[in-house]
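Below, chain A partners chain B and then partners chain C, in two separate complexes.
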Partner chain A sequence: MPGAASATNASRDDAVLKLENVSIALSATRTTMVHSVSLSIDRGEIFGLAGESGSGKTLLMRTLFGLHDDAIIESGRMTFKGAEISSSGHRKRVRKLLGHEIGFVPQDPFSSLNPTMRIGKQIREALYLGKGISPKSGEAGKIALDLLDEVGISEPELAVDQFPDQFSGGMRQRIVIAIALSQEPSILVADEPTTALDAFTQRRIINLIIERSRTRNLTVILISHNLELLRQNVDRIAVMYGGQLFNILDSGEISEGAAHPYTVALFNCIPRKDMTLGDIRSIPGEPLSAGYGLTGCAFSKRCGLRQDVCDSSLIPVNSALARSFDACLVKAGRQA
Partner chain B sequence: MSESEAPLLQIRDLSKTFERRYLVQQSNFSLRSIDLELFDGEVVGILGESGSGKSTLANIITRLTPYRDGEIFYRGKEIRSHSPSEIFKYKSEVQIVFQDPYGSLNPRSTIRNSIKEGLRLHQSHLSRQDMDARVEELLKSVGLVSENPEKFPHEFSGGQRQRIAIARAIAVQPTLLICDEPLSSLDVSIQAQIIELFASLIEEYRLTMLFISHDINVVRLLCDRVYVMSDGRIVEYGKTSEILNNPKNDYTVKLIESVF
Partner chain C sequence: MRYVLERIAFSLFALFILIFITFLLSHVVPGDPAIAAAGPNAGAEKIQLIRERMGLDQPFHVQFLTYGSKVLAGDFGTSWFTHQPIADDIMRELPPSLELVVLAMLINLVISFPVGLIAARYHGSSFDNGVRVVAIAGAGLPIFWTAILLQQKVAADWQLFPVAGRLSFAYRDFEGATGFYLFDSLAQARLDVFLDLIMHMFLPALALSLLFTAVGVRITRTSMISEFRKDYVVMARAKGASEARIMFRHVFRNGATPSLTVFGMQFGWMLGATVLVEEIFGRPGIGRYAVKAVTQSDIHAVVGVVLVVGLVFVISNMAIDLILFAINPRKARED
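Showing the complex of A and B:
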């Protein structure tokens, strides 16, 4: 595809986050958990990261953004807004960016806020740390009210004086998002932000994140196990399995040829509106966890297309940082 | 499943309040005058968000939670008027599969013993060999053919444990199987496996099932009829296809719109 190649070159200059052959290892045992992930995320893009539990998606993101104490970047380059930050002192450097350039919304809204501090103070503190606005100033107070209003908290004047336990899970997640947005980050990383919430709240929180991204040209990485949720909301999706990056594709292409066999299989597992019982295709076997020490494709034992090459060869990596990528060895063999 | 038959389970005007005894005396309605009917051979869904009272309902039907207001008839008899032997029989005929397969199996008991426990209680006429054969047969029907029944629950994955919990529930050949969010704690690909397992068990054992879930799309796949619950009330019920394709209640409409 010559057209795709030129598009890649054009977008690469605009990349907010670039990962080149990044591997993640546990710091204690040096076990490699995530193998050679390469991808590039553009400014303003809403990027989905999908995978089952144990696929390494959360480990990858938390380590990259300095939130994982037990894992390190073993090899590879991480470039954030043109500057490489993966060399020595990675965690220190990325922690400096966290809360300024990088906003993080964790899964659990119940443990991510300080339970002993009023909401208003938590936002003012974030403003002080992120932008140096004095927490006592009227300006900080006003920004806090505006932010709460923006994320849809009714009566922000009352909310600023309340404690986290006085809010429901969905409201807390909004407050966490307000705090993340207060620092005007260039990238917002949301790790399963709605898994603990019910359907109404899930829809509202996702819509809030997407809307903020569109209006502020904010880059978003949305991590989720629900491929259908990602398909409906994000621009591109990366799919991980057993610590390997399998697939990067436009969200519209999930059921088409661009998809890796695992992406297709995972998508067919999810009951959707138009499905009957016969359309559900489960994947036999159990999902593999990251870090099992690997040769070949992690999915080969559960894959319908499995051939000998799947167990003997290393899977391709996306060294070229292409916009779309497929690591299936069988499909690669067919094309060659 | 003709409508003229008497229902297997009939709930009339069931309410349940949980009282907060500390600080302020306050009653929280968990269920508000629930009416529900369940006929032989039916798979009925209960759809609702967290906090809607659907698990309370399951616990009341299985006699895990007592109730005061309203009536529950099983084969035409109010379950509070059961004699001890009838209670014993009821507890073998009504089985439940819980959400969390990690919490619902005894960690100190091999899975053979866990599955046999129900058989020992309720089918004590079986010989030891017959029981062991039955355990093997059950493991096979839930798709755990090659697994060693002498293993302990911690040696299994979440999906396998849920299969064991299902085997344990169907071991005593229940008339009514209640499933309380049996998929929620499982991975996406494993959820699909368990959906397929339920579908084959419904076929094989002609199970009457009450399937409690917050997932509209799973209810759509498995259930003949559905009750939609919100805030302790049943807001709408009917044939699954009718309710989900053509909802009348505002809450149901909103719920269907929010699902991805």
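Showing the complex of A and C:
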């Protein structure tokens, strides 16, 4: 497992990001979409956030980092590098960290670069905003060329004068990563960075993010619906469903019994090398959108282990910020 | 460069079509021009003579070529009523109208872009909702009604602006080299005349622009809203860009294309609509001239006006295409 050892050895005080019972609500209707998420991510850790579309993973991350206009932190505490970022005026405060402490790689490389701005200018703007380096200076130009070279763009001298539509999706995502790295953030949030790309390019982009982060001791939050991709690349994985946090586990621990039933079900949906066609099992029923609430497990109607307790009890929350966490009510009952 | 040449060639082609259509226009008008020109008492011989002199006995394509070359040389013929060369009439009437349209267009741009942009940024806010309601209402205002209302209230009742005319009586002797008095007054360092001109133009220009501004705000708002939803805005925010930087450096450039295209066409439409405000505010101009020409069945004058308005339309659209190309070379080519 790449880098798993370094993550397990890290002490809790080394946390870059701590969330304690964080709930996210839509600002217009005040509907709570994500409920009581508690987790702690260590410095230098590669952390995966998994879940189906609508599970609340992107909403959670975008709201935490001030990139979502229509949602707010309703309750809970967010601590970034030891300093609490209070819920009142959260967006304003956290936006001050964007560009130098927090970097972001959006999902769609085809729209995440400004189509009317040359590549070089977009990198120089990031250098200016993140590190105050004048966009016209020779230093900015040189850093831009070095970064493009580092992320694998051939002929960077040519690339800086080109527009985004002159590059393929994979190349554009490399440029986006170069922009994010240029600001030397403490934490890099990559929101489904490979979903729009073909399988081969996916692997190369993920490798690039992981490799660059390891050399810079950068903390990465990799958001993806692809559990297998996360299992292969990250240290720990958090799994969300219906706006609830179901599971946090080391990426090597995904197996029947060790993981939440939903994590196992999600994992079994993804074709892997060791599987035959019959092994791939879809999850029965329809996926649920975020905003389910805390009473009852959001997954109970689709779960093979369902018992009465699953619909009536409050699901466990990870208030203790444990490194591993399982919100399955059935398993909790067995242990009790 | 190739794109620029293409656009110019396209505009020339549009101009050719325009000339052809106006040529057909002067041919489909009922009645024989030779009989009309010869007068009621002319004999068959004289009519024939005039027909030959007017070139009406020539084949269709020869007539068209003669007409085309005359038009290109700026010869639109002589008015049946003023007995002046139509080109001279138009050169006298066009500048005040163009000045009016330019001012109306400025009002349009100064309101449409910022209001549309800010409404889009704060999409769904009470400001945005207010803008939407006002824009819908504004787009339904007939120009003549706005003009009469402004003239009655702001000019006549409140006496904030002159009621009618192009210049005050005191400046009746003012003359300029170009006919564009705003330019001429500045060239002669006559600031008093310049301000007097602006005071006379403001209400007509406002009346002319309101409907177009309402449309401009709506189009700008809609295209900017879709830009704000794109990931490059999230990316810019993640880079630490301020909202002002995101709006003006990133979104504006990308979202301005549809608005600019519409503004290019609006310029031509406005010139066509000047007739309404020129009649109400008693201003000289191409619009009033056209109405007079139509009511007097002065077909050559009508054709001349159509040609000139069409020419302005073609030029303004070409200018917009070139501006769009300068802003975003790749996208302009796709469109």
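Throughout what follows, the second predicted complex is superposed on the first by the 321 of 336 C-alpha atoms of A that agree within 3 Å, B and C clash if a C-alpha of one lies under 4 Å from a C-alpha of the other, contacts with A are read in each partner's own complex, and residues count from 1 in each chain.
The rule is simple: contacts are C-beta pairs under 8 Å (C-beta built on N, C-alpha and C of every residue); 3 or more make two chains touch, one makes a residue touch a chain.
Please read all numbers here as calculations on a predicted model, not as lab measurements.
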| item | value |
| --- | --- |
| Which of chain B and chain C A:Ser53 touches, first, second, both or neither | first |
| Touched partner set for A:Glu228, first chain B, second chain C, both or neither | first |
| Partner chain(s) touched by A:Ile102 [first = chain B, second = chain C, both, neither] | second |
| Touched partner set for A:Val176, first chain B, second chain C, both or neither | second |
| Chain B versus chain C as contact partner of A:Leu266, first or second or both or neither | first |
| Which of chain B and chain C A:Gly130 touches, first, second, both or neither | second |
| Residues of chain A defined as touching chain C within the complex | 28, 62, 65-67, 95, 98-100, 102-104, 106-108, 111-117, 125-126, 129-130, 163, 165, 176, 179-180, 183 |
| Contacting residues of chain B [partner chain A, same complex] | 49-50, 157, 159-160, 187-193, 195-196, 199, 214-218, 220-222, 254-255, 257-260 |
| Residue ranges of chain C in contact with chain A within the complex | 124, 230-232, 234-241, 249-250, 253-254, 327-328, 330-331 |
| Contacting residues of chain A [partner chain B, same complex] | 52-53, 198-200, 202-203, 206, 225-229, 232-233, 265-266, 268-273, 275-277, 280-284, 286-287 |
